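Presented sequentially are two complexes of chain A, the first with chain B as partner and the second with chain C.
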Partner chain A sequence: MYAYDEIDRTLINERVTEFRDQVKRRLSGELTEDEFKSLRLMNGVYLQLHAYMFRVAIPYGTLSSEQMRRLAHVARRYDRGYGHFTTRQNIQFNWIKLAELPDALADLAEVGIHAMQTSGNCTRNITADQWAGVAPGEIEDPRIWAELLRQYSTLHPEFSFLPRKFKFAITASQHDRAAIKVHDIGLRLHRNAAGETGFEVLVGGGLGRTPFIGKTIKPFVPGRDLLSYVEAILRVYNQYGRRDNIYKARIKILVHELGIEKFASEVEHEWQQMRDSALTLDDAVVEDIRSRFTYPAYEKLPHMPDELKQAAHDPHFEAWRKNSVAPHKVPGYAIVTLSLKPVGGPPGDATAEQMDAIADLADKYSFGEIRVGHEQNLALPHVARRDLPALWRALDKIGVATPNINLVTDIIACPGLDYCALANARSIPIAQELTRRFANHDTANLIGRLHVNISGCINACGHHHVGHIGILGVEKNGEEFYQITIGGRADENAAVGTLIGPAVPYGEVADVVEDIVEAYLALRARPDELFIDAVKRLGVEPFRERVYATR
Partner chain B sequence: MPLVKHGKVAGDRFIELADDAAIPDDGDILVSAARLLEDPQGLARRAGRTGVIWPNNRDVDDLLPWLDRLAVVALVFPSFRDGRAYSQARLLRERHGFRGELRATGQVLRDQFVFMLRAGFDAFDVKKQSDAEAFANTAKRYSVFYQPTGDGRVTALHRRMQLRHSENAGQ
Partner chain C sequence: MTSPLQQKIKITGPSMVTANRTWDGVVIYRTAAKGWSTDLSEAAIVHTADDARALLAESVADDVGAVGAYIAPVQIRDGGAIKPGNLREQIRSRGVTIELPLPA
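Right after this comes the complex of A and B.
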């Protein structure tokens, strides 16, 4: 865990005071809605279909049990008793009253969480691998750098009014769980030939209307130069990014229009003029941040404790363990993913009661720490393997032990037309229907890893472009239609999916997904050829034929 | 629109000159970029002081040859969502050493004051009277700053290091 000190807490409190003044000026009419809009957006407040929506940042996906309890409190006190975890390690509350927002923020500030820059045309929440610091084989804990970037980007005096929003993601693992290739800046920690630690910097990835996979702008930037290099990128973007058309304002369009070589040389030119500046991170500064990340005092524990051997006789436990438990870098421990994708439920939602219970379980079994992943699930990052059976029973009781992690029902979905003012179509009911169709765990397990991502409009908050199966809601003559893509992925081999054919009406989406899955089961070379690999080998055509033969 | 200088509402001695108006020999004037670049030497010979209103989509490099003869550079915020002038301000102050008045014009609200001060602005053409009057209080709203800029405020990272050293020294 990173512990905020007095300095961090002071800034958050000052921000709450400022926002309280802004809300007061809006309520008194001193600020017009148009003026207030940019101000509230920079503090995570959207005006949605039915109410204000409030988005709270969970930097690099790490939460303490105390913070989780406070989120539960906000859900209960200011909202309707639940929250929605998003694809960018945020949580959203959908029914907040504007007049109460400053109080909700003040309550959150007491435990060091905030909503700064969770919206608006500024640097958004810095996201990271949700297994950072515990995944085996990591170069180092990427959250140290994510925290440096969080501080650097918070209330930045030059880059708070960029052409468009700006998202960072960071990983230090070979396997990318942070989707860095679909972010404005993606950072991959690695070691160069000399053994130094630094970053491969990718730029210009993103989804939305015009999806792009990020391109490497510099294969190695030493850690000490990270902030100056990032500042050079942001300065070039701030000055030359398009502001004439909101749909062409992201950095990906600038990179695309200039070409990566030209863009890289502009950045290099800028960087050479300021790389040796106050932004240089000397070792002492990095160590100071590092020292405030605390790690549990792990015990020496067996890999195969008796508790685990006994529980192995229970097929339900075994199904869950095989699905939701991942190896930890420390022997005797495990990383446990909590599914927020119950059959028939909206993906990513948690009730206040669940949040409180998860906080208690984190205290009991995970050194008080919880993680939030971009797949809209939670994780307990430090669970002793001997505690797995007891933890499983407790998780099952509160409905977060569905053994469907990475399976067809582990769906990413945006809020869609049920909540969102931008949406063209519903997302949640599609996800709910799919979880019912594939509710049988044995079937889902037989299908294997398969990511279904659903967005209710072209803005792609549900990351449909990078779903193995992507579903995009569109509107045709006042009716909801859905375009289906396959072959997308968000990991280290990131790719944008390919459209399989004409859009289908709302009522047929689940049938189409079933057809695609059946085609895959019939066509796969071996049981362990994953859906995504089969699509790569076979192309779209056999799936298109299967889906449209009878339509 | 009220002008805020040195932290309070002040009278503006500069007059914005229309592009087709004759250039007076004395008096303080603000001219457009086009007018400046048309006859920079002529403007420099005037008895009065000269400033320029520099658009936010033009590279400040074009201004550099004349920078030391300008009393004011006014940068433009056509809407407060358009943040290009923050970069221009930092470049002029921090890279090119401009010491004259750096004025923020356009849609300037109290909510930008801290950002603008940090970027190097020292004069503010504020849109609303109430915001201009709130300047002093708004400007000290924050006491913690995460980024180093040319304004010399100590960053959080360095304040922590100082605290750490003083703790160690006390042991």
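Right after this comes the complex of A and C.
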């Protein structure tokens, strides 16, 4: 966990006071909506179909149990008893009243949570691998650098009015769980040939209306130069990024139109003028940040304790362990993913009761720490393997032990037309129907790793472009239709999926997905050939034929 | 961004003006009495672009009471019942199409 200092606490509290005054002036009529809108957006407050929506940041996906309890409190006291974890390590509350928002913000501020820069044309929440600091083989904890970026970008005067929003993601593992290739800037911490650590910097990735996979702009930037280099990128974007057309304003369009070589040369020119400036990170600064991260006092524990040997006789436990428990860098410990994808449930939603219970379990089994992943699940990052059976029983009781991580029912979905003012079609009911169709865990396991991503509009909050199966809701003559893509992926081999054919109506989406899965099962070269690998080998055509033969 | 009043207004059937209530965001409908109601059946119905523009203009003028006013289609059933004219308005009027968690 990172411990905020007095500067952070003051900043957050001052923001609450400021926003309370802004809301008061809005409700009295002193501020018009036009004047107020940008102020509320700077505090994560959107107007959606039914109500205001409040988006709260969970920087680099790390939460303490105390913070989780406070989120539960906000859900219960100010909303309708639940929250929605998003694809960018935020949580959204869907029914909040503007008049009560300052109180909700104040309650969150007491535990160091805020909503700054969760909206607007600024640097958004810095996201990271949810297994940061505990994944085996990691170069180092990338959250140290994420925290540096958070401090650097918070209320940055030069970059508070960028042409469009700007998103960073960071990982320090070979396997990318942070989707860095579909972010405006993606950072991969690695070692160069000389054994020094630094960053591969990718730029211009993004989804939405015009999806692009990020391109490497510099293969190695030493840590001391990280801030100056990203500042050079932001300056070039701020200068040349389009402000006349919202659909062409993201950095990905600038990189695409200039070409990566020209863009890189502009950045290099800018960087050379400022790289040895105040932004250079000396070791003491990095060490200061590092020292504010506290890590558990791990015990020396056996890899295969008696508790685990005994529980292995229970097939339900074993199914969960094999699916949801991952190796930890410390022997005797494990990383446990909590599925927020129950059969028939809205992906990413958690009730206040679940949040409270998860906080208690984090205290009991995970040194009080919880992680949020971009796949809309949670994780307990420091669980002793001897505690796995007891933890599983407790998680199962509260409905977050569905053994479907990375399987067909572990669906990423945006709120869609049930909540969102931008959506053209519903996402959640499609996801719910799919989880019912594939509810049998044996079937889901037989299918293997398969990511289904659903967005209710082209803005792609459900990351449909990079789903192994992507589903995009569109509106045709007042009816909901869905375009289906296959072959997308969000990992280190990120790719944008290919459209398989004409959009299908709402009632046929689950049938189409079943057809695609059946085609895969029939066509895969061997049982361990993953769906995504089969699509790469076979192309789209066999799947298109199967889906449209009878349509 | 273009003001709703500067946008070209084209309606193809009976329409109403809807918005969200400023203090809590609740869905509201402009009434013939120049007020707001949470009940769609009390919405003022217009049939021409000119009437729609006028209704929108008076709605937008109430910047303290309502936010995001816009014109939306409705269906008038036999007997005069007013129903939402598209799926978006159905969802705004009736609520989400999924089951919400029950309060503990």
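The criterion applied here is as follows: the second predicted complex is superposed on the first by the 551 of 551 C-alpha atoms of A that agree within 3 Å, B and C clash if a C-alpha of one lies under 4 Å from a C-alpha of the other, contacts with A are read in each partner's own complex, and residues count from 1 in each chain.
The working rule: contacts are C-beta pairs under 8 Å (C-beta built on N, C-alpha and C of every residue); 3 or more make two chains touch, one makes a residue touch a chain.
Since the model is a prediction, treat every value here as computed from it, not as a measurement.
Student: Could you tell me if A:18 is touching chain B, chain C, both of them or neither one (first, second, both, neither)?
Tutor: first
Student: Taking the superposition as given, does A:529 touch the first partner, chain B, the second, chain C, both, or neither?
Tutor: In the superposition, A:529 contacts neither chain B nor chain C.
Student: Quick one: is A:66 in contact with chain B, with chain C, with both, or with neither? Answer first, second, both or neither.
Tutor: A:66: touches no partner chain.
Student: Tell me which partner A:243 touches in the superposition: chain B (first), chain C (second), both or neither.
Tutor: Once the two structures are laid over each other on A, A:243 reaches chain B alone.
Student: Looking at the overlay, what does A:352 touch: chain B (first), chain C (second), both, or neither?
Tutor: second
Student: One more residue to check, A:307. First (chain B), second (chain C), both or neither?
Tutor: A:307: touches no partner chain.
Student: In the overlay, answer first, second, both or neither for which of chain B and chain C A:152 touches.
Tutor: The first partner, chain B, only.
Student: Does chain B (first) or chain C (second) touch A:81, or do both, or does neither?
Tutor: So A:81 only meets chain C here.
Student: Across the two complexes, find the residues of chain A that touch chain B and also touch chain C.
Tutor: none
Student: Spell out the part of chain B that touches chain A in their complex, as residue ranges.
Tutor: Residue list for chain B touching chain A: 80-84, 86-88, 90, 95, 109, 111, 114-116, 118-119, 130, 141-149, 155-161, 164.
Student: Under the stated contact criterion, what part of chain A meets chain B in this complex?
Tutor: My answer: residues 5, 7-8, 10-11, 14, 17-18, 22, 30, 35, 38-39, 121, 151-152, 154-162, 235, 238-239, 243, 273-274, 277-279, 284-285, 288-289.
Student: Okay, in this complex, where on chain C does chain A touch?
Tutor: That would be residues 20, 22-27, 63-64, 67-68, 86-88, 91-92, 95-98, 100-101, 103-104 of chain C.
Student: Mind listing the chain A positions that touch chain C in their complex?
Tutor: My answer: residues 26-29, 32-33, 47-52, 80-82, 95-99, 346, 349, 351-353, 417-419, 426, 428-429, 432, 478-480.
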